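By written order: A, B, C and D. Residues from 1 in each chain.
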Amino acid sequence: MEHHLVLRVVARLLIPLIMLFALYVQFHGDYGPGGGFQAGVIFSTAFILYGLIYGVDKLRDVIHPDVVRSLAAFGLLLYAGVGLAGILSGGEFLNYSVLAIDPVSGQHLGILLIEAGVGITVASTMVILFYAFASP
Amino acid sequence: MMFEIVTYMILFAMLLALISAIIGQSVYDKILAVNIFGTITVLFIALFGFLTERPEFLDIALVYALINFITTIAILKFFEYGDMGRSSHINDQADI
Amino acid sequence: MSDRIKYLHITGLIISQAVLWLLLSGHYTPLLLGLGSISIILVTIISLRMNLIVYHQPEIGLQILNFIPYGFWLLVEILKSNIDVCKRILNPSLPINPSLITIKASQRSELATVAFANSITLTPGTIAIDVNGNMIEVHSLADVGIEGLETDEMNKRVKQAEIE
Amino acid sequence: MSLINIISYLLIFTGALAIIVGLLGVFRMPDFFTRLHAASVIDTMGTMLVLVGLMLYSGFNLVTVKLLLILIFILITAPAAAHALAKSALHGGVKPVLGKEEQ
């Protein structure tokens, strides 16, 4: 089996584009269809494409499965942490308005952190699923 | 009105693509039909965004184009080797 | 392999990402621009970890300014061969004559070779089946496609668009 | 209805027709590799005409840029996918039918 030149070069061109597009979807959730979940899935497809074309061993060198698992937990912790921070500052669970002195900027910060948590968890879970299916 | 006729034509084309996926003989025929279906779906989503006057649908069309490509590669690799993460034997060059 | 080429490639990657972000975004508030720069840095770091940038050959590979006229020429070719293939499909007797030929690609960089192979595939009537070093195996639907490839014009045009 | 709208509508309509012709080709062609040729009509002519028509219709703004991005994306990935399909079909034992006598 010879190497697959076309797919290798096309993937090299596409992967940065895909990751940047995922981050665009992540941060423009309030202007269009988007948000943490979709962005996480798109971001993980960049890694899955890399794993498909270059092999799962190379993907392990880029990002180790243990790191991915920790990231999945970290995203969930971020979500729960923002929720608990709302309680600690005297509001309800996931009440963003109390996170900063000004309610509006508090809501901005809260949404940003929550979406980041969701995105990180979803992307890591997708990559974990790929690892699970890809290992012989 | 303008876009509706074209949208129905595209829907009809999607139906034809599905039929060809069902009657395709080899597995490659079926993958090809699914790939065609995906390409037409991208166009359908873009047209639908203009029909309902919500151009934000274009983001979804772009995502669909991306997922379509990766699906084709993943299914091909799965049918060829039985697992998706197979690494290459030749130094740093992978074949699908 | 020098440092200068390396930094040139990284700068190219960052600039293209910045242009892409500005075109996609459409909202130019300080918050989103800041998040955009963070995104670009993150993507660049991951791309470097994935070794997506190849240093041992011209990364840009194709001169953008030379590539634009090639794109228009390719567009015309695509339209011509599309009309030809559509006529063949709609003809009740299905006048096809499939054949396999091997042609030579004289580009030096991988990117230009792939651009050539993709141009062949993009023109209906010819499909690049296999790329082996400098030889490309092509499946052609009718004699017109083979005649077009044997004039070697596409190969020369991609070669011209390549950086020396 | 202005002239540019009529032109864009004609482009989109021709694109949809091209898609249906390509699918007809997929049904009529005798073997897998010739079917790929018919499918590339959809990937190039269909997408190009429909998306260029939509670009003309939308005028010049960020929507146009996104349509152009979709077009470029499809024009990069479609030949790569077709090439991958053809290559793995050839190595997977599908023999191309050659010569004038089909079937």
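Structure notes:
Operating definition for what follows: contacts are C-beta pairs under 8 Å (C-beta built on N, C-alpha and C of every residue); 3 or more make two chains touch, one makes a residue touch a chain.
Model, not experiment: these values are computed from the prediction.
More contacting C-beta pairs link the chains of B-D than the other of the two pairs B-D and A-C. A separation of 12 Å divides the Cα centre of chain B from that of chain D.
Once the centre of each chain is set as its mean CA position, chain B and chain C turn out to be 20 Å apart.
Chain A and chain C have Cα centroids separated by 30 Å.
Between chain A and chain D the centroid-to-centroid distance comes to 33 Å (mean Cα coordinates, whole Å). Residues of chain B in contact with at least two other chains: 59, 62, 66, 69, 73, 96.
Residue positions of chain D touching 2 or more other chains: 22, 36, 43, 66, 69, 73, 76-78, 80, 83-84, 87, 91.
For chain A, residues touching at least two other chains, in rising order: 1-2, 4, 6-8, 10, 14, 17, 21, 31. Shown here, the protein chains touch in an arrangement that is not a line, ring, star or fully connected set.
Of all possible chain pairs, those that touch are A-B, A-C, A-D, B-D, C-D. Residues 2, 5-6, 8-10, 12, 15-17, 19-21, 23-24, 27-28, 31, 50, 62-63, 108 of chain A are the ones touching chain C in the complex.
Of all residues in chain B, only 56-57, 59-60, 62-63, 66-67, 69-70, 73-74, 77, 83-90, 92-96 touch chain A in the complex they form. Residue ranges on chain A touching chain B, taken from their complex, read 1-4, 7-8, 14, 18, 21, 25, 31-34, 38, 42, 45, 48-49, 51-59, 130-131, 133-136. The part of chain C that touches chain D in the complex is made up of residues 23-24, 26, 78-79, 82, 85-86, 89-90, 94, 96-100, 117-119, 121-125, 127-130, 139, 141.
Contact residues of chain B toward chain D in the complex are 2-3, 5-6, 9-10, 12-13, 16-17, 20, 26, 28-29, 31-33, 35-36, 39-40, 42-43, 46-47, 50, 55, 58-59, 61-62, 65-66, 68-69, 72-73, 76, 79-80, 96.
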